[in-house]
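The next part holds the structures, each set out as structure tokens.
What follows is chain A paired twice: with chain B in the first complex and chain C in the second.
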Partner chain A sequence: MAMALVNLDFAEELKAYGVDTALECFNCGTCAAICPLLFEHFPRKMIRYAHVGAREKILEQAQDLWRCLHCGLCTRTCPRQAGPGELILGLRRFVLAHARRA
Partner chain B sequence: MFNPKDIIDLLAANVRQTRNPFGVTPSRFNTWWREAGAFTRRPGDALLFTGLMYQAIPYINAAARVLERLEGSLGADYLRFGRFLPASLRGMGLSVLASGAEKKKFNGILHSICRVLHKSGVGFFYHPEMDFYSGILLYDLGDEEGFVEHARFVAKNLKLHGVEKIITVDPHTTYALKELYPKYMGVSFEVNPYFTFIPGNGDRPGNGGPPVAVHDPCFYGRYLELSEGPRRVLRSLGQKYVEVRNCGEFTSCCGGPAESVSPALNREILARRAAELKAAEAPVVTFCPICLANLLKAGLPVEDLATVVGRCLADEK
Partner chain C sequence: MAKRKKPESKSEPASAPRVGVYVCHCGGNIGDAVDVKQVCEQARRVPGVVMARDHMFMCSDPGQELIIEDLKSGLVDQVVVASCSPSLHETTFRQVMVRAGANPYLYEHANLREQVSWVHHGPEATEKAARLVAAAAAKAGQLTPLEPLRVEVQPRAVVIGGGAAGLKSALDLAARGQAVVLVEKSPFLGGQAAQLSRLAPGGETAAEVIGELAAAVLAHPNVTVHTCSQVTGFEGYIGNFKLKVTRKPPEGMEYAERLAALSRSGCGLGEFAPFAGVMPGAIPERAEEIDLQAGVIVLATGMRPYRPRQGEYGYQNFPEVVTLPEFNRLLAAAGEGGTLILNGRLIRSLALVHCVGSRQIPGIHEENEDGYLNEYCSRTCCAAALFAANLVREQYPKTRVFDFYRDIRTYGRGQEELYTRAAKNQAVFFRFEAGEEPQVGKNPDPKGPPLLVKVKDVLTFGEELSLPADLVVLAVGQEPNNIADLVAMMKIPVGADRFLQEVHPKLRPVETAVAGIFLAGTCQAPLDAGEAVAAAGAAAVKAAAILSRGYVELDPFVAEVDLSRCTGAGACVTACLADGALSLVEMEVGGQKGKRARVNPVLCMGCGACAAVCPENAVNVQGWTLKQFEAMVEMIVSDEYLEGKR
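== the complex of A and B ==
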């Protein structure tokens, strides 16, 4: 498995993209269980990347962020009110801004 | 799946140039009002704001047919060059491909909404120069910058015309105007969907018609928590309905939001929701143009709430 550098300040960086609940998540997986995509632990895996600041992993797998239907089921059922759906939306903004700067 | 950035850049370029995601001049596709009779603005009247969503469905379907053929092919990579074409050219292509029958069908739903509002005694008016696409797709796709630029234009136009009260017809525009415009622009309007104005005179016994199955759009079911409104209206008209597996705040997505980046993913999600709706063994009623268009693709017998309500009210004469 490829290594990923972690950056614990990444949650701070995400605030500029409207994400301020990234560290609320305790990785229970309810979001992945309820997500209609039934796709590779989505959105849990992406949220975990955001959690630990695996920036490069997010950019490598960025396309998966746009599979999200923005249906809101994960946000509605999250036991920590961590807003997983909003986090995915914030990650889209982050990736898009990164791509437009490149 | 397409490269999301290619799609977003294309849509954002269209919105910048024509104020809608299709690159079509608004006067070309926002024509429903010409057959809706005259509108007079009286003090205190609310603006009927369609957000151009129902009118857009024939163009969305035309674009989806093209994308469906391109997805996964070598041609998909050329989509990134689309944004270098003038929006008018892209729009012209979609205009040619959009079905006339669909235009008539979806414009007809807006006519039904007008009739329902008139019948309900609501003071409202319509003016095509005040009615714009809300920008919601750019927001959903993560183009916050594009959304804010467009929303600022729309909000400024509404304020310039002294609009304070707005009646919406779809959940996406309702969410944009009610939640996002105040958050991003700091401007607030009194925003309510049309069905909240239909007086509920208590529940009536069945009108004799077959029951319908209700499909809640995600934005009304969860984001805006407005699922009860349409049910109240159906009950007040004596229209029986059944609840399907996953409804109200736990409704299942129809898949529509995925269509712009992956028609194949849309089909996958749609098939699952269609199976849940089919199990109810009743014709489906919904209140979102995206859901309506998508469920029709699954071959389900589905109607818009406005069509059902319009028919019930006409039968009452």
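== the complex of A and C ==
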């Protein structure tokens, strides 16, 4: 796997997909602890990728985003009001806009 | 000099000892493992013992009353308490003796808890307890009344070091009416705090903190300040220290940076100059020596920031890698704007690295030039780094801050708030494991920032991330200043971490093992300015208490020469471990002139090295004489008092 480049401009890019809270995260992991569909490091790793702007990683592992059924528990329990549930939905929109043909 | 008080205690021991033994159950601490009743019964069979009693808690008021009643009624003359460690309650029971009108040194302590019940079980525990009690009783029967040594105190304190801690100690001592001499090596007052702009976590400026302290010290009539001065000679003991201080102009490039900062600032003498401190007077033109006498000494010799090795996180390989103190200077010179600009360079991306020069692990991290590893946490750098992160994020919102930490230890009041604020300020955190520190290198992208920081990030589940950075700031730890000369002269214990060591971290936190010498501030441990000043205040109070009393009393467990036996062989003087405690002096004994050993009781540590080598057995440590030891050994090996002993 290629080394991801930290790029906070990605948070700006995400605003076009309805997400403006990517940088509010402080990596506590509450979203993962509450998620009923927790799978390996989903959803926490995806949130972290968005946080540090690991754009390519998100595109590489995009199918994980569809594990979410948007129950909203993570958003309700997030101590930083970083809206992880909405962030996942925003990332889906971002991925769809950049979908690559297989 | 030391004077003996005349014995005034009424309980001179009768010719035959009358020893009372008091055995404590310590709740169940002793009683659960030791048959206390049996120990009492066996103690009664020890020659000289007239009474043995037990109590659930001998240290309680009713327990103490038992002893006082027996002493007052004349039943017993010497007392043995068999309980916990003497370090806990020996003083308590000596005071019981005093309250009963007896001499406190007619007391012997036996430790049945740490040395018996906590480490042994069954019949062996009770037997060992009985033997220890018998030995203590045998010694008690040989005790003679002693009087504490009384030493007059020179009415002056010397404070070594003119940083925040030294200034505070000097000021508090002066405010209590004591004369103080403050000795500072550099031409400046203010120490390391003066090298900062704002002090974490509260954000007070160094100018106001140091400016206020230094002005108050310089204005106080009780304080004499010697800058450019170093202690070069030391002798004496509590109450009577003699110091030689050498005052001389700085050599070579010493303090050149701070002197330049002073002239740039345009400040005059006595004024606070940023990144220099307060220069109270002109630099001397030639060296001079000053002799000082002092009753107490406060050490406030301070710390220095860790200086990274060349190449450590790219330090000195890349001009864009600086330490946090260096960054503070750069920041103070920076203008306003959305993006931080340093030396004409836009800083869009700033990386902070924690634990630089701290928490180093043998086998993982490289030793410093002098072969040391700083295994301790420097405590203050987390708060200082986060404080800087907030400052940058709030004043230069377009400069992004990336924080690389091993652990974040914002332990103190107002510090966790710094972390929360940094998170709210959208500082982005990365966590690394020990031994997998971030690698700082040149950014291969020529269009990007000059540096690339690579890290195996725990928060991204161990994946490697790389961050293009315009500046890398190293949050360096604290190291004690090199005061090897002072340590050698004063014989102050030093910890494995090279900081000076207190007697007890909780019960005697600002005292050194050398009576009359106190610790203030970062010479003792990494501290922030507030903590250093708090410690300095504590040291000042301890020092002032000695000065205002005017004399000190010391335990009389010191060597004593029997002049009827001494032949002046001098073996004791050679064996003596405390400089000046024993000497051969010309004197007249029984009409004959000759050299005989003489003890300076104040310098004597009571170690007994002299007693061990004297060919005539003419020297003994009071309260621990060879005769007393022999009596103890005899009882330990005797079986006579043990019931049913095979």
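Everything that follows uses one rule, which is that the second predicted complex is superposed on the first by the 97 of 102 C-alpha atoms of A that agree within 3 Å, B and C clash if a C-alpha of one lies under 4 Å from a C-alpha of the other, contacts with A are read in each partner's own complex, and residues count from 1 in each chain.
As a convention for this text, a residue touches a chain if its C-beta (ideal position, glycine included) is under 8 Å from a C-beta of that chain, and two chains touch if they have at least 3 such contacts.
Since the model is a prediction, treat every value here as computed from it, not as a measurement.
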With the two complexes overlaid on their shared chain, look at chain A and say whether chain B and chain C clash or fit. fit
Which of chain B and chain C A:18 touches, first, second, both or neither: first
Considering only the touch criterion stated at the top, classify A:8 as touching first (chain B), second (chain C), both, or neither. second
Tell me which partner A:93 touches in the superposition: chain B (first), chain C (second), both or neither. first
Is A:71 touching anything from chain B or chain C once the two structures are fitted on A? First, second, both or neither. first
Angular separation of chain B and chain C about chain A, which is computed from CA centres of the superposed model and rounded to the nearest 10 °: 130
Shortest CA-CA distance between chain B and chain C [superposed frame, angstrom]: 24
Counting contacts the way the document defines them, which residues of chain A are shared by the two interfaces, the one with chain B and the one with chain C? none
For chain B, which residues are in contact with chain A within the complex? 1, 3-5, 8, 140-144, 218-219, 222-223, 249-250, 252-253, 255, 257-258, 261-262, 265, 269, 272
Where on chain A does chain B make contact in their complex? 17-18, 36-37, 62-63, 65-67, 69-73, 75-76, 89, 92-93, 95-96, 99
Provide the residue numbers of chain C that touch chain A in the complex, in ascending order. 400, 402, 423, 426, 428-429, 454, 459-461, 463-468
Residues on chain A engaged by chain C in the complex (per definition of touch): 1, 3-6, 8, 23-24, 26-27, 41, 45, 48-49, 51-52, 54, 57, 80
